[in-house]
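The structures considered in this document are given below.
Paired with subunit B in one complex and with subunit C in the other, subunit A is shared by the two complexes that follow.
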Partner chain A sequence: MMRRALVWSLSGVLVLPLVMLLLLSVARSWPWPALLPAELQTRQWRELLAGTGGLGVIVVRSLGIGAGVATLATTLAFASSRSVARHARRDQLLVLLHLPFAASSVVLGVSLLYLFLRLHLAGHIAGVMLAQLVLAYAYAVILLVGWWNTEVQSLEDLAVALGAGRRDVWLRVLLPLARPLLMVCLLQTFLISWFDYALTLLIGDGQVTTLTVTLYQYFSSGDLRLAATCALLLLAPPICALVINHRLLSATVSTPLDLQGD
Partner chain B sequence: MNSRKGLDPWIGLLLVVTAAPLLAGLGFMLLYSTGVIGLLAEGFTLRYWVRVLLDGQTWISLSYSAAIGGVSLGASLALAFALQAALGGRQRKGALGRLLFLPMVVPPIVAALIGVELLGNAGLLARLAHAIRWVDRPEDFPALLYTPSGAGIVLTHMMLVVPFLLLLLDRLALHESVAALEQVARTLGASRWQAWRRVRLPVLMRASAAVLGVYFVVLMGAYEVPLLVGAQYPSMISVLIQRRFSQFDLGTRPEAYVLASVYACLATGLLLALFAARARKRTRERGA
Partner chain C sequence: MTDSLAPILRAEGVDVRLGGQLILREVSFALEAHTTMAVVGASGCGKTTLLRTIAGLLVAERGRVRLGAEYVDSLAANRRGIVYLNQEPLLFPHLNLFENIAFGLRLRRLSESEIRKRASRLISLLDLVGMERRHPQALSGGQRQRVAFGRALAVDPALLLLDEPFSNLDAETRASMQHLFKRLARERGITALFVTHDLKESLLVGDRFAVIRAGRMHTYHDRREFCADPANGVDREVAFWSTLARGGSGTAP
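So, the complex of A and B:
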């Protein structure tokens, strides 16, 4: 009985912030000390759906940046992770790949900015994507490297022994086998870009506006309703993924298991 | 395992995209912070380094970041252990099994917004406190946000970290067969508390040590949450670096680079020490 009550309470606590954001995004007024908004309005959502106020463009831009970074990172990491997994210095390479995550994204942004200014990449979408790729590519390799086990190696060898060319091995053996994990990787790397604020702020140099940047702008200008609307838009894609298949996110927990003491 | 001769092009590309920008960035930071390059460069000087290293705010900010990271992680870990014991496996079943993933899809900037709406003086908790007649006015509710204690930062971090740690501990417990080990301890006469304290706790702490270490480094360098719910002073290190970097006075930029270099070296050193300790442990265990 107590356990059931705890399960229900915990479920409530986990859903509460989402409900609160939803209410905030449709509240016209929410005076103290009311627990629910006094009046509701749908202005923010109507404006968004009508594409006025530029929020629609920002959503599309953020989605485009996220999709581009995820596709690039996953594609490159699929090939690179194979080489890392079979390299004599695999452990050292993996340590190296964790380093971009050690310093905070602010330090990463600050350190990359001078280089990106020199390369005329600062203030451009391409520059923001490249900066995010540093994190996304490294993360994707860390995620995929464990997949290249001896069983996969045997299947590769078997395909070659049966006459498959290099291209066939990749397209007809490895890609179909790895598809579920590649989907996980695509989502996770998309989220790295989709959630990024600091790198976009610093490398974007105020010229690249994404949803996280817009959320901060609304927040600092005191418009918490529009900030909540942005927050819900930020949460929508990963929550959809969670509803469709929560295993797409479980890698977030499984990946660090590689770090555990044996 | 194959030992490759020469540099594999895919590893080369990986290093060019991930490690090379980091090293180049660090190089630029060092050159900028020593006055060799930059808009106001006047030739090599260590005055920015001396100024930052002698500035008490640098060390306060670093210690504050470490303390906030440590307290956030410690409190989250304690709560995750308590919930694991109280739920007894129910976290794997039904809706809760999926809902625990929910905080993992919340970016820090949204978590900060939720923190403000939940923990602020006119937030939902304050309104609930009013509903149960604990407070009359918003200012009667204890200040949790923008305070030097960092309570708002810790609580917001906990919202994100506790579910992750609960899921992690659960998976580790299954992986390490902790339930079976506890059962053996109980059969040998251990009480429930003794089985938890002498079996579950040490096994899971040992298994999760490296992950917790990485998480500590990540929390120490947090940016969005302290920016939105933290105090102006003391600031966590990422916020301090960003503020110095974005000031109109370009003279503070080399100082921002000094701070960023110091923090990058510290965080990287911590992570490398963590991996080195793990590698030593593995070697010892293989030798045993």
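So, the complex of A and C:
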């Protein structure tokens, strides 16, 4: 009984805000204190799907920035996490990698802005991506560093003993072994970029608008219905990512790097 | 065919230091082609260090290692033509049995038909037919060791280094693997250094013998010479088992 109540209340807490967003996104008028909208309309969705106001472009730009940051962060972090994991000062390096998270994004953005203005990167997509990369890369290294354990080292040595060069070790052993974790890393770093607000706003200098920034703008302007529609759109990729993440993690758990008793 | 009397492996005054401690001191020996040298010694005496140094996974502080006509000290591990078979039958967990055995063949860029031919022959030889698509997690310890052994043999190494390869197996599987190794070593003309801490195993698999004590290596040309040295404790081991077989009791040698 208690368990069922808990499940229902948890589901309610998680689902209710989504239902509210969904209703807002199709509401024409919703006078207080009515529980449901008095009139419905599809203007917000039509506007969104038709790309009026440049929203289509913003969505594509946000996806592009997210995909780019995730790919760069994961690729760079996979190679460098190996060096960090086997470095004599591994712990100190990990403390350094946590620094971007110790400061808020606003502090990081302000400190980067001065440099990026001098480099003419502020107000450009490349600048926003570089700024987000600082956070995403640090996160990716922290996520991947634990993977480089002695079992992986033994498999590297084994491949070398069988005649594998550096390239073969990476392509035939390390990448296939780490693939599920790399997919998780790609998705997580994509989310870091996708939901970033402060860095994009500061480094983008109003010239680079992403969906997250647009959502804040809609809220600020008081257009709650369009903001709700935008919020639902913003949630779609993360929900897909979470589902894929869950599947990948399940697959990783069911087929571990099982070397016990080998 | 290589002249079986010509040394294929020669270590010359090899010193190896690990973590500041001298593990191997002035190790010198020669091993002829198509022979197996059994290397025995207590745990921690430097047996594994010797194999890892010859394999190129550790760097000697002093001395040289020659394989055939070539000094291999400056060669990367993957260019020495030496295969190191671990104490644990380490298999690539993302590859099935067939691909594990074919791993070294694919590195050598052989044709697909040649890879299939060679790997299938070994799978049949090692009695693993029907398990080709199984992943390591679905294999027993003995099967994994056979796969690791097959993968090592597949690339026809100039030298095979075996580091207590059967120590984690149950008695029955271990005995069958020892016999399988002996048979394949004879049939395929394998040159091997076989490290073990088990005197019986060393006597079964070895043609030449060596003992490592306190980092120094003592070599013996044949079984008789090895058994005759009282320092190796073979006589004590034989006496112990004879006493047990006669129904008596005794202190383990």
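Observations
Convention: the second predicted complex is superposed on the first by the 243 of 262 C-alpha atoms of A that agree within 3 Å, B and C clash if a C-alpha of one lies under 4 Å from a C-alpha of the other, contacts with A are read in each partner's own complex, and residues count from 1 in each chain.
Quick note on the criterion: contacts are C-beta pairs under 8 Å (C-beta built on N, C-alpha and C of every residue); 3 or more make two chains touch, one makes a residue touch a chain.
Everything numeric here is computed off the predicted structure, so don't read it as measured data.
More residues of subunit A lie in touch with B than with the remaining chain of the pair subunit B and subunit C. In the superposition on chain A, A:45 contacts neither subunit B nor subunit C. When the shared chain is aligned, subunit C comes close enough to touch A:162, but subunit B does not. Once the two complexes are laid over each other on the shared chain, residue contacts for A:154 go to subunit C alone; subunit B is not touched.
Within the superposed three-chain model, A:177 lies in touch with subunit C and out of touch with subunit B [touch as defined at top].
The intersection of subunit A residues touching subunit B with those touching subunit C, taken from the two complexes, comprises 257, 259, 261-262. Remark: subunit B residues 1-4, 8, 10-11, 13-15, 17-19, 21-22, 24-26, 28-29, 32, 37, 83, 86-88, 90, 94-110, 112-114, 116-118, 122, 124, 126-128, 130-131, 138, 159, 163-164, 167-168, 171-172, 175, 206-211, 214, 217-218, 221-224, 228, 237-239, 241-242, 245, 256-257, 260, 263-264, 267-268, 270-272, 275, 278-279, 281-282, 285 touch subunit A in the complex.
On subunit A, the positions that touch subunit C within their shared complex are 154-155, 157-165, 168, 172-173, 176-177, 179, 255, 257-259, 261-262. Subunit A meets subunit B in the complex at residues 3, 6-7, 10-11, 14-18, 20-21, 24, 32-35, 76-77, 79-80, 82-84, 86-88, 90-91, 93, 95-108, 110-112, 114-115, 133-134, 137-138, 141, 191, 194-195, 197-198, 202, 212, 215-216, 219, 224, 227-228, 231, 234-235, 238-239, 241-242, 246, 249-250, 252-254, 256-257, 259-262.
Interface residues of subunit C, counted against subunit A in their complex, comprise 55, 57, 76-79, 82-84, 86, 88-94, 103-104, 106-108, 135-137, 141, 144, 151-152, 155, 168.
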